[in-house]
Amino acid sequence: MDSALIPEGVKRCSFKAFSLWLLVIFGVIGWGVLGGFMVLWKGLNMTGLNDSFGFGLYITADLAIIALGAGAFFTGFLTYVVGKKELKDIINLAVVVGFICYTGAQLVLLLEIGQPIRGWFSFWHPNVHSMLTEVIFCITCYTIVLTVEYIPLILENRQLDKVPEFHYFSHNLHEIMVVFAATGTFLSFFHQGSLGGLYGVMFARPFAFRTGFFIWPWTFFLFVASAIASGPALTILVCKMVQGVSRKQLVRREAILLLAKVTGYLLTFYLIFKFLDTWWWATQTLPKMGVSFTEVFQGPYGMWLLIAELGVCGVIPATILLIPKAREDDVLLIVACVLDCAGIVINRFVFTIQNLALPVLPFEQVQIYVPTWTEWAPTVGVLAYGALLLSLSYRYLPMFPRERELNPID
Amino acid sequence: MTGENKQQNSGLLGWLLFVVGFTGALFVGWVIFPQLLFSTQYQPINYNHVIHQEEAGMSCEDCHYFRDDGTYAGKPKLAACAECHEEPQGETESEAMLVSEYVEPKKEIPWVSYSRQPDNVFFSHAAHVKMAEMECTDCHGDVGQQTEAPPVKINRLTGYPNKIMKMYVCEDCHAREHVSNSCNVCHK
Amino acid sequence: MKGKDLMKLDRRAFVKLIAGGVGGTLLSPLPWKMADDTAIWSQNWFWRPSPERGGATTASTVCQLCPGGCGVRVRLIEEKNAVNIDGNPTHPVNQGGICPLGAAGLQYLYGPSRIETPLQQTGKRGDLETMKAIGWDEALEILSIKLRRMRQKARGLVCVSGKREGTVPELFARFLHAYGSPNYMVMPAAVDAESLGLFVSQGNSGAIGYDLENAKMVVSFGSDYIEGWGSPNRMMMAFADWRSNSKRDRTKIIQVATRGSLSASKADEWVAVAPGTEAALALGLAQVIVSEGRYDRTFVNNHTYGFDEFKRLLRQNYTPEKVAEITGVVKEKIVGLAREFAGTKPAVALSGWGQGRMQGSMYDFLAVQSLNALVGSLHKPGGVTRRPKLPLAPWPKVVLDATSLTSENEPRLDGSRGSQFPLPGQLFYNFVKNVNEGNLYPAEMLWVYEANPAHDLADVQPFLAALNKIGTVVSFSSFMDETTQLADLVLPGPTYLERLEDIPTPPGLQYPVFGLSHPILSPRFETRHPGDVLIALAHSLDGSVGASFPWSDYETALKERVKGLADAGRGQVADEPGLQPWKGGQGRQLAPNYDSFDDLWEKLIEHGCWFDTSEAMPSWASAFKTPSGKFEFYSQKMRQVGIRGNDITYLPHFEQVEPAGDPRDYPLLLMPYETMAITNGPVANPPFMTKTLFDFQLKGNDSFVEVNPNTAANMGLKEGDRIALQTERGTLKVRVHLTEAARPDVVFIPTGLGHSGFDSYIKGKGVNANMILVAQQDQVTGLVTWWVTRVKISKV
Amino acid sequence: MSGNKSSGVRYGMVIDIDKCTGCTACSVACQQENNVPFREDETNKVRSITWMEIYQLDNGMPYPEYRQAYLPRLCLHCGASPYPPCTFVCPVNATHRDEDTGLVNHIPVRCIGCRYCISACSYHARYFNWWDPKWPKPMEEMLTPNVSPRMRGVVEKCTMCVHRLQLAKDRAFMEGRSELEEGEYVPACVESCPAKAMTFGNLLDPDSEVARLAKSSLAFRLLEKLGTEPKVYYLSSQDWIHKLADKVM
């Protein structure tokens, strides 16, 4: 039925099966939209947030999604700026995933603020000292960049490509993609950093505060490093997932392994500095603030989080990815990528939730945060939105340039 | 017709439509939209500032004065009007209305304000008039020369009169005069 | 082919039209103005109330939410909207300070549970659906007819007032007197024990005054001196004064109490005693002072009676060893405290448990006063004296007709001055008992003024039962409180901010103050001043009742009394900040700062109060009106009125009240406690105050009891557990808050919560402790205590 | 009124914990003065707006060595240089320290409700309007025009009753003065305190009572080690209170 739209020379599932799949996705998105609508209509009292947890699931999800979306800029950087041509196999996927992550994050961000009608004040009345301003500007700009990067892919759709203007337009965009990749890298570097800065500058919050370099706390750099150490892992995972679902090889193994290798180095690089940072924080920063290292683990937010974040989801995946034999094993590779991503999610979680759960005043108690369905729904809804965009892109766009070559139709 | 010709024609038509859309939107945006956005409200009584000054010999401060605590009273209350207008003084229709509809039933006159700031604004008349020695007319125009009360355009969405002073005007002047632009100087 | 082209053309043209439209729109103000205006709309959206603007004025008046008598200022916008209450700096009692209740006063004025018109119950009592709004004429007519009909049973009219002093309570008492009923009563309070105690030991009727500001040591026997005892703001100010003094001569505060309250924590020393044994400790101190000869010999030798008997009793029963056993306080502490108390001049001992709402035992009061007497602190600066009377002009004598004359000799329904309780006490609990038991004669009609006994009376259940036996209940309340819900007729009065009323000297003050409240804005509803209602009612009745009310309205009646102040030629209207009438001692002449009655009245309206320091404390020679003319340790007055018993009966002593309940069934003790953050009526906690409660006092609709962590551990209870509290009277469901403030094996429950009346901001919050407390009557005086009840805890 | 940083005015407060009787009048006076909204159920303390919040402290000792004290906590108007923890994180300039007075203000109509400032403040002095503020109808009449009621979805906090400063200045202007005298501007909480446990004034004026008390050996500040430099000081002669307050977390 929709065969006219499907790229030539590739095989896709039946329209019926695809429709059913879309139905499921729309169901989840509908749930998310309902949750979001309730929050917009009735206010943030519908969430589990409170004056202790000014930030909660929305922000955790945002930070995690944006960190994991870093695959887009970093793969772009490697492909276009560094010139790793083999990654062209996967760059489209990386861009789509990035686009999903950034637009999804902005949707959630809209719910997160108490007065979305005035959200544009952050552009009109920006406070240049605020890390959040930097985040908002960079994310918006980078979303535009991602859109520009996504557009040529959309225009390559069989039908759209027939329009000559579109064809030329997309072709020309391709030519200058290196400019956008560079811009994206620059923007991403800053907003990933400012997301870390967001916490690192909270000098009245011992858990989050970090000393730093010039105006940037160490979290600024650590967030950049952690994002580029996990973004590609998500790209690999999504790629593996699409390959799994479609039961086809879509990307050459070299591309994935290269990305895995790079991820391994990046993760190791990140972990080294993260360990250094944690050590400095535990032995210098915290004691200066009058807090002992063990005190920052209270209630359900115990030391296990640290072990999970840096050990299970840090050292283990890094090891796997560094050892060529290990990363060449598909199962281990997937495990490593899952752990890598999980580690970064935990990192964003502890900076958001554990940070705020800890009482700073000596006569207050540790607080516990439980998100409500109106927080889960839009968060899950955004994942469904990602699945939707991914499905549509896979079905109708030549997302994997090597697909035809790797899966010749008899 | 050749294909090229056809394309030219359609291109021309296309641009024409573009212009139609463009000007149409401009018209909607610049002409119709303001009409819809603002309601026109008329003063309950067509007040004549000139008569009060010239014939009754009143000064501005007789009605628009500072209270003892330094706050500004703004528009006078009915009691001030009633001091003179217990009975009609002249023959105007407005005055007859004032006496019959407001003074006698002791009902406050629902004046519509031309420059009423929202309740989050603290505007100190004392700071501007007493300390900075500004003239009322600097901001309000020469209201004293008005022989009739002009209608007020009220923004339906915001409830603000259209001639209200926007914040950037305050900020610009404060910056020029080296007066603090700190938020809590003017907001409450 | 052509059609397809056209279609394509159309589609492209449409795109161009749209593109043009978008371009044009972006170049017009529409999107930008809309973005800006919706943002502004979100700043002022219509469901956000915008306060009325206008000129601000301030009116001074006097708060009447408790007997504290503080001066307040109300800020008004356009003289119409009251938007703020704060303390009046010129008022000597509170000097600009204000308590949370006073600060929240506007929430009563604008409370949603205000009663707007008179109401008549047309159905079953307590059914709010059948409460019918009626006009004032009709309401007065209904009551007038009833009163005329029951004139022959005039003694059956009972009035209970929550307000003890002032012209309105006096008018109520006068009405009953003229009508022919002896049954004017007041809500029970510690003042009842005080006045009986003063009567038997000093021969005075009247109230007590403490010269606390000048004391160097204060020992409080169970009085929560900064948590609502006495006039709360005055006490907090005095406390701050004690704390400001330089280290060397700072006033030492000792709190004798069972619970680790703020009063205990803020004292220099907290002496934790077993529940209800404060008076025993007082006698223990007395024994040490007497046996070691540390008492004031001049006073004891020349101005006391029965010292030897007292001494003997002390030696027999109150040696430090024995007292240590009763109170749980170690012997050395008792001795040390006694020496310090006797050695510090001036030192004063306070009595009146908690906030002073419990009557308590007269003997407990006497025990504490005997300490003050021993160290010579009676009627001395920094000690305890009697509260000076206000020089108000008397009203003409009540005109009595045949009916009212016979009632002069009728027994009171509360049994006061009767054969069982010969002392002139206020025995509301005994009234309840008599009604329930059908003793004496029936109570035909109950009037309730400024009181909410259906909620506030500790051990409230017998009262609720008694209400069923009372023919008609009339409430004068401004609010739909619990008692008013049970009324048959409601004659709503204006709130204190809308009415004229006098507020005489607050409790515990050493100098006289006359406060005047006046309407600071016109009444919001069709309410009528109870004084005016009484006068109108009296005029509607035949005979002497009308004649006893020779005034057209309340204002005239009030002014007649205030003329006395103008004529007294002393005292001043407090019109400047920082007045400290307690400085420099009493007996300093104050020349009036007004020249006529009208001037005085005007100034009272403007500033709020009159005060005086001219009256010196009485000399020891003249102070005592007892048969011996001395302070009587051994009370001859008690003998005179006909109290029979052994020697101990006439001496200050300690009687261990056995808490109600079998210890085998109810192994723990339950003690109520009061805090400044919860008002104890007659009004209920306003939303502002309820908001300040901790979430371990109120969480959702659950209130908490305090339990010691050890006690809790023994019973397997954790913080926040839900439990059932069971006493002989019934069961309440509460939650547990663990705190070391609680004595082991004692459960502390806050009073003042658990309303079922008022509005949705008030009702249903927590439980009413009064439902399960058991009041116990003293068999000599008829006064009651309810501080300890046996209780059983079970987890639910 | 000048915009330079050497205005010589740094408003601050000293609260004497020893004198505080825990009556909560300051908190009530604040709610009334500032149109602080309330709901039927305010027992969820992490969603209840109380600019002046009162904490119960105790010495952790068993009965009868147990002692408690109340500590009123308002916005401490941190003096940290160059910014307090909360203001520089605001993306829209809704909060800001007035360098002429040292007061940290927050303008709810500018606020977009991102709650970054709430997260940055270690004192829990900032509150979010989780619901539309709503008053029982008759109580709308007692809203004061001096403080604008907020709307749902924005942050609010103690302003040190800065509207009282505005009004005090108006009064001074009428007399042709631009400088205020001590005591002309006092927040509602300080004015209400029946135990006179709170003192307010210019910390930079060496003759002021507040400056004298802030230098007392009994004075301490909350979370001093974090470098927030609060302008609200506390006084206590109790060692256990000093020890407790010296802790972070």
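Chains: A, B, C and D, in written order; residue numbering restarts at 1 for each.
In this section, contacts are C-beta pairs under 8 Å (C-beta built on N, C-alpha and C of every residue); 3 or more make two chains touch, one makes a residue touch a chain.
Since we're looking at a predicted model, the values are computed, not measured.
Engineer: Which chain maximises the distance between its CA centroid and that of chain C?
Structural biologist: Farthest from chain C by mean C-alpha position: A.
Engineer: Mind having a look at which chain is the central one, using mean CA positions?
Structural biologist: Central chain: D.
Engineer: Could you tell me which pair, C-D or A-C, is linked by more C-beta pairs in contact?
Structural biologist: C-D
Engineer: How many angstrom lie between the centres of chain A and chain C, each centre taken as the mean Cα position?
Structural biologist: From the centre of chain A to the centre of chain C is 63 Å.
Engineer: Could you work out how far the Cα centre of chain C sits from that of chain D, in whole Å?
Structural biologist: The separation of the two C-alpha centroids amounts to 31 Å.
Engineer: Just the number, please: Cα centre separation of chain A and chain D in whole Å.
Structural biologist: 40
Engineer: Averaging only over C-alpha atoms, locate the centres of chain B and chain D and give their separation in whole Å.
Structural biologist: Computed value for the inter-centroid distance: 37 Å.
Engineer: Which parts of chain A, given as residue numbers and ranges, touch two or more other chains?
Structural biologist: Where chain A meets two or more other chains at a single residue, that happens at 115, 118, 121.
Engineer: Indicate the residues of chain B shared as contacts by at least two other chains.
Structural biologist: Where chain B meets two or more other chains at a single residue, that happens at 69, 71, 118-120.
Engineer: Where does chain D touch two or more other chains at once, residue-wise?
Structural biologist: 44, 56, 93, 109-110, 132, 145, 148-149, 151
Engineer: Could you please write down every pair of chains that are in touch?
Structural biologist: A-C, A-D, B-C, B-D, C-D
Engineer: Give the list of chain C residues in touch with chain D in this complex.
Structural biologist: Residues 42-43, 45, 47-54, 75, 77, 81-87, 94-100, 102-104, 106-107, 109-112, 114, 226-227, 232-233, 236-237, 239-240, 243-244, 260, 262, 264-266, 270, 272, 524, 676-677, 687-695, 698-701, 708, 710, 739-744, 759-761.
Engineer: Which residues, counting only chain B, touch chain D once they are in their complex?
Structural biologist: Residues of chain B touching chain D: 66, 68-71, 118-120, 122, 124, 126-127, 130-131, 178-185, 187-188.
Engineer: Okay, in this complex, where on chain D does chain C touch?
Structural biologist: Residues 16, 18-19, 21-25, 27-29, 31-33, 35, 38, 40-45, 48, 50, 54, 56, 58, 61-64, 66-70, 109, 132-145, 148-151, 188, 191-197.
Engineer: Looking at the complex, which residues from chain D come into contact with chain A?
Structural biologist: That would be residues 44, 46-47, 55-57, 71, 73, 78, 80, 83, 85, 88-93, 110-116, 118-124, 126-132, 151-155, 222-223, 225-228, 244-249 of chain D.
Engineer: Could you please specify the touching residues of chain B with respect to chain C in the complex?
Structural biologist: Interface residues on chain B, with respect to chain C: 6, 10, 13-15, 17-26, 28-30, 33-34, 37, 67, 69, 71, 73, 118-120, 155, 157-160.
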